[in-house]
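What follows is a set of structures for review.
Both complexes below contain chain A, partnered by chain B and then by chain C.
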Partner chain A sequence: MALLLFAYPQEIYAQSKPPLEYQVKAAFLFNFTRFVRWPSLGGGNSPFVIGIAGNDPFGSYIDDLVNGERMGGHPLIVHRYTESDDMSNCNILFINVADIQKLKAILAQVQNLPVLTVSDADGFIKAGGIIRFYKDENHVKMEIKPAAARAAHLEVSAKLLQIARTDN
Partner chain B sequence: MINKSSIQAKIMSAILLTCTIVLLLLCSAFILFEYLSYKKSVKDNVSTLARVIAGNSSAALAFESYSDAREILNGLKNNPHIESACLYDASGHVFAVYPDTISRKKIPPTPQTDGYKFSDNALVGFEPVRQEASRLGTMYIRSNLDQMYAQLNNLLLTSGCLLVGLLLVTYLLSVLMQRPITRPIRAFKDGVRRISEEHDYSVRITQTSQDELGSLTDAFNHMLTQIELQNETIGKLAAIVESSNDPIISITLEGIITSWNDAAERTFGYAADEIIGKSVFNIVPDERRHEEAEILARLQRGESVEHLETQRLTKNNRLLDILLTISPVKDQYGKIIGASKISRDITEKKQEERRKNDFIAMVSHELKTPLTSTRSYVQILLAEARKRNSDAFIINALTRTDVQTKKMTHMINDFLNLARLEEGKLQLILRVFELQTLVEEIVGDAQFLTKNHKISFLNCDHIKVKADREKIGQVLMNLLTNAIKYSPKGGEITVACAIDNQKAIISVRDQGVGIKQADQQKLFERFYRVENNELRTISGFGIGLYLVAEILRYHGSKIQVESQEGFGSTFYFSLDIAQE
Partner chain C sequence: MPFPQKAITCLLLCLIAGAFHSIALAQVDSARYTAAGIKKLSIDELMNIEVTSVSRHAEKLSEVASAIQVITNEDIRRSGAKSLPEALRLAPNLQVAQYNSYAWIISARGFNNVFSNKLLVMIDGRTVYSPLFAGVYWDVQSVMLEDVDRIEVISGPGGTMWGSNAVNGVINIITKKAKDTKGLYLSAGAGTYLHDNVTARYGGSIGKSINYRIYGMRNEIDPTLKPNLQPNNDNWNLNQGGFRMDYDGDGADKLSLQGNFEWGTEHTNPRPSSFDNQNATAQWLHTFSATSGLQVQSYYDRTWRRDLPSLLNDELQTYDVDMQHYFQLGKKHHLVWGAGYRITYDNSQNTTSFVGFVPAIRNMPLYNVFLQDEIQLTPEALKLTLGSKLLHNVYTGFEWQPSARLTYTSGQGTLWGAVSRAVRTPSRIDVDYHIPTYPVPDNVQHVGGGPNFVSEKLVAFELGYRIQPTTDISLSAATFYNIYQDLYSVEAQPGTKTYLIQNGMQGNSQGIELSGVYQAFSNWRLRGGYTFFHKNIRDKPGHDFDTTYEGTDPQHQVVIQSMFDIVHNLQLDITGRYVSGRPQSVVANVPAVSQYSNLDVRLAWQVKKVEFSITGQNLINANHVEFATFRIPRNVYGQIAVRF
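The block that comes next holds the complex of A and B.
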């Protein structure tokens, strides 16, 4: 938390902030860009898209967080999807959907695409998701399924795997 | 200390010192080099380690995994020299520390500039934590330098042992190496010592090497030969000085006696060892002290003194008449450092001379008495003969007798005066008299002695002088008889008076044979007679002009002569004019 406060004081100072838990998660989403390698990100200035499917828990906080940041040559943007949207062009997809069927439908839509799927949902890994956030003694932790990442042609840094719980 | 020690010790010290310095420099350079490379290696090791740990901890920092961060940092346990380490997050706050138990106070509260530096016996470094291009935080690491110091200690110990070992080897080698140098030097030294102790200059030193020392030995042997030769010469000279019958002594410029030969011992009564080092005034009578002081002054100016008649005092307070020859003695640079004095004891000779003078005086006196009465009777006879108008022959014979007795009286007076002069007993009776009458009288007497010459006088009237009338008469008579003698062909003889600068100048001019330039100087010496075949026949004792000179000297005047051979001579002198 302190990390965010001090790293971006101007941007967030006067804003309405999400709960601490989601501030941390927003930062984690941003940090994934450094520990995961995507096979190809398209040409030119095509944006690197962090997508949010379902309820947006971050508000403008995440927009400010990625504002001006780049992934390689690609500017980072946040895109919010409705269930009916085509989500295949996003690179990281945070899925915040309570209904497991809907979640599975969204996962099916990006199946085998280089999209890093992330969610808080309990059965997310089982449903075919790649990274799940969970809480342990008030700390946000991660569970990663490397097989799912491989299926999506994503290369996850061993360092990330080292600090996360893995499910093979 | 070095200067007192032997050459052997000096050479060995030089070798040892050189080697020690070289080895020390070498060791120092080596140790310094090693120290720097140890430092670099510690820095490399620690920075590599830090880079690995920092790389591994990026995910833990990015995803705030404290336990992972701690675990990664605990990997430092493998290196026991890492004292502490920590991770700061991107905002510079301490995130995780190593070891767990370390107090936060020992960790810098905020990260400093990236890089490594040695401080406080430790290597301290700050390493950036990055993932891809992004900076996620900073790692701090601190390593002690125990390992480096341990290595350095080892190195020092090894170097020390090596140094001691090498110096020991150097010492042994120097003992061996100095021998060929010092052995001939010591042989040389022993030879020289033998010579100086035994004073045997016939010893020669054996030449053992062909180097500089060999040349030195050669030169030394050559010098010994020279010394031998010189000793021989000195011995001869010393023998000459010692065997001389005349006392020969040497003195310093301060008048301190430095040598004293056998004759000096015999003459002055002092043994050499009791007088050497003492003042020469010990043998100078008080009344001659000023003379000795003057001699010393003259010596200092580099002048020598020849044939000085003086007196010396023996140890028994007996006065000796001596004839002294003094020459300056110079050192090798030509500086005058003293004088040699050769004295000749002339006491005997002096006494003999005195006896001779006494004899002459006595004889003259004894002759004078009968002559005076003879002359009186001749004059009485002559007066009687003239009164009785005796025949011309008698008058002529008596006149001649009178002149000859007068001449004889003059001669005897000369001898008497000579004897008095020699004894220093000549006394002047000064009084004021008219020059004219004296000149008239003497010229009259002189004219009686010759018929070939015309003796005249001029300008002598009205001049009064203060002098010894009788002796000035003798001077004039001598000058006139001289003029007559040396103008055998006759001619005019003129006595002239003149006044010049408050003095009466009296001159006697003849037209005789004249005097050679060389003879003019010696003319006034006692018994001097001009060597000239033409003048062989002229009689005389050679005392006339000597008396003239001496009498005038007593008057504070001087006889002078101007002459040209064949054209006659002019003698002249001056007398004080009497103050009215």
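The block that comes next holds the complex of A and C.
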């Protein structure tokens, strides 16, 4: 069903590449599929969905990146949500909204669901998010809240916890 | 037996010792992070991408088309190594043999002798290969290991990018940027062979764009043992200090300035020898666009050795300026070209007429240009790299060092092959070395330098495969077949007792280098490798010289390093190595050496900002021989380190 929901025509993203910072973040989102375990991913060929809520900073770059990739038997797809969409069907959700109230509303939608929430926003961890990207000396680093991951029934690998700043 | 005398002199003189461009890892720019490419990067590699400076980044290790090994800061710290040569033992593709307390013999792909003259070594871009002795003075070339970011070791020819003398390998020692060494670091250690060691560093920043550090250290090392187990009066000390300052305003320009000085005393017979060194390096990096940039570097280095007080003093001064420009041409060509000029002034003061350099003073200008084109033949998969360096030196004029490399990347693996030519250009010890230093008639035995000595030449064929089957394992295999021409010899002119340094030998070598890293658990990391080496050296028709002069290399070598966190603040680290035996060399006056295995063990306990550690090095035997006759004692030392 997620396949039906492509909100934007592909051509809009074609050709252009996002800034390197977002190329790296896109790669991180993809990498999370290997370092986080989801409780169940549905049956058969149902897709594994990387969702983007709010403004899309990646463009077609992230579609190219996950194109042809699978998580277990599940094909990876990217889905862009508008505010009014139901986001509970995604597995990773990158939230890119500036307004903290809107951000909290999105987090509330997926609360206690096995959705790995990710954002750049400053107050994201405090608001209940799981992984926050931040920039440190020109590098993209991340902050993880293990308690929030546990509440979402997600198992984050030791490797990922090791390289991230954890917020207990 | 014409040469024991000379050989002994060599041993004494060649207190062995040993690069600009962060290797290697060739430059690539952000525009090349295609979606398909970036997702192959490991999570650690992603974290290391500099997202606002797009000019250069390290190529993914598993896709580099050469036999490269990287020793990280953590590998070094957890090995317990207290000196650069000890840290280099961690590279399975290097042969490292300790000769005495302050002299080391380090080579790649064999030729491990007192003149290990086919390996180029650079510290933050500064070449430390001596054009006097054709090798590296490992005692003078020291760095504060705590502030080393990584050591890149390439076995195999690197002449196209790095210049002459990178025949069998290149070592790049890269220290951390000043922004990565902020705060105070203090350490003090003492032990049974490492007499004592004190280190201090402070790093800070001025405004947003300037970071700096200053450091100082002192090492005092005890003597090795003679064959009769009496102390071998070769204890020594090293004092070193320096600074580094980096400017990075997040704009198109980055600047880096560093300076180091060191001095030390070594116990030699009949009186102590001493050395001092001062060097300064400036680097400027300018980014034009995402695909093009310019690097300009300049350094000055002065080394004074008051060696063998009865024989020789030497002052060597080097001025070097070098630039590199990289850019993209069309979609498929990534070009790098560069040019460099170096002038070396050598002033050797022969304090005896028994042996020395004639003429005493020599100026050695060296200039070079190079061009390399990396051609993407098919998207992602097939890449061809063609390049050559053209250099001009004072002894042999123009020399060229071309190479061709083909890389095929598929899935998690990279298959690569290369054909390269590299040269070792003459050093003063090849051309100007006289015994004695005054004219002698032909019927009296003497060495009259190498007036006709030309560069030693290599054509190398390499084939390798790297694979990272899972995020936890990476493996690499490299094989090579090397053909050498015009290797060094010292032979009497027919009908005379005049020995001249010539190019009387040739030969070939083969080998296999296997290595790997395995993250067994999040708290247990293993790395290591195995190297097989074999060579056949023979005299050229009409020449006669003992071929063992080119090194009595061990055939087999194994290194395994285990880094284990028992609990989060308690580390147990073990490094084991095996080196097979070496035959004797009559001409070099070195006896056969038996095979040996050894073990280094480190236990470290972290209490907040303080780290207590106890390390045992060369634990298996009370002492052992690695090269020639001196016995290297077991060393057990304790250390306290504080990081604020």
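The definition used in the following text is that the second predicted complex is superposed on the first by the 153 of 168 C-alpha atoms of A that agree within 3 Å, B and C clash if a C-alpha of one lies under 4 Å from a C-alpha of the other, contacts with A are read in each partner's own complex, and residues count from 1 in each chain.
Definition applied: contacts are C-beta pairs under 8 Å (C-beta built on N, C-alpha and C of every residue); 3 or more make two chains touch, one makes a residue touch a chain.
Keep in mind that what you see is a predicted model, and the values were worked out from it rather than measured.
Novice: State whether A:159 touches chain B only (first), chain C only (second), both chains, or neither.
Specialist: both
Novice: Return the chain, chain B or chain C, that is in touch with more residues of chain A.
Specialist: When the residues of chain A touched by each partner are counted, C comes out ahead.
Novice: Taking the superposition on A as described, I'd like to know which of chain B and chain C A:21 touches: first, second, both or neither.
Specialist: In the superposed model, A:21 contacts chain C only, not chain B.
Novice: Touch check for A:34: first (chain B), second (chain C), both, or neither?
Specialist: Both partners, chain B and chain C.
Novice: Under the stated touch criterion, which partner chain does A:138 make contact with: chain B (first), chain C (second), both, or neither?
Specialist: In the superposition, A:138 touches chain C alone.
Novice: Taking the stated contact definition, name every residue in chain A that is touched by chain B in one complex and by chain C in the other, in rising order.
Specialist: In the superposed arrangement, which is not itself an observed complex, chain A uses residues 24, 28, 31, 34-35, 139-141, 157, 159-160, 162-163 for both chain B and chain C.
Novice: Over in the complex, which chain A residues touch chain B? Could you list them?
Specialist: On the chain A side, the touching residues are 2-3, 5-7, 24, 28, 31, 34-35, 139-142, 157, 159-160, 162-164.
Novice: Per the contact definition, I'd like the list of chain B residues that touch chain A in the complex.
Specialist: Within the complex, chain B touches chain A at residues 56, 58-60, 62-66, 68, 89-93, 131-132, 134.
Novice: Chain C touches which residues of chain A in the complex?
Specialist: It is residues 17, 19-21, 23-24, 26-28, 30-31, 34-35, 61-62, 64-65, 67, 69, 135, 137-141, 157-163 of chain A that touch chain C.
Novice: Would you mind writing out the residues of chain C in touch with chain A in their complex?
Specialist: Per the touch definition, chain C meets chain A at residues 30-31, 33-36, 38-39, 41, 43-44, 46-54, 179-180, 250, 471, 519, 521-522.
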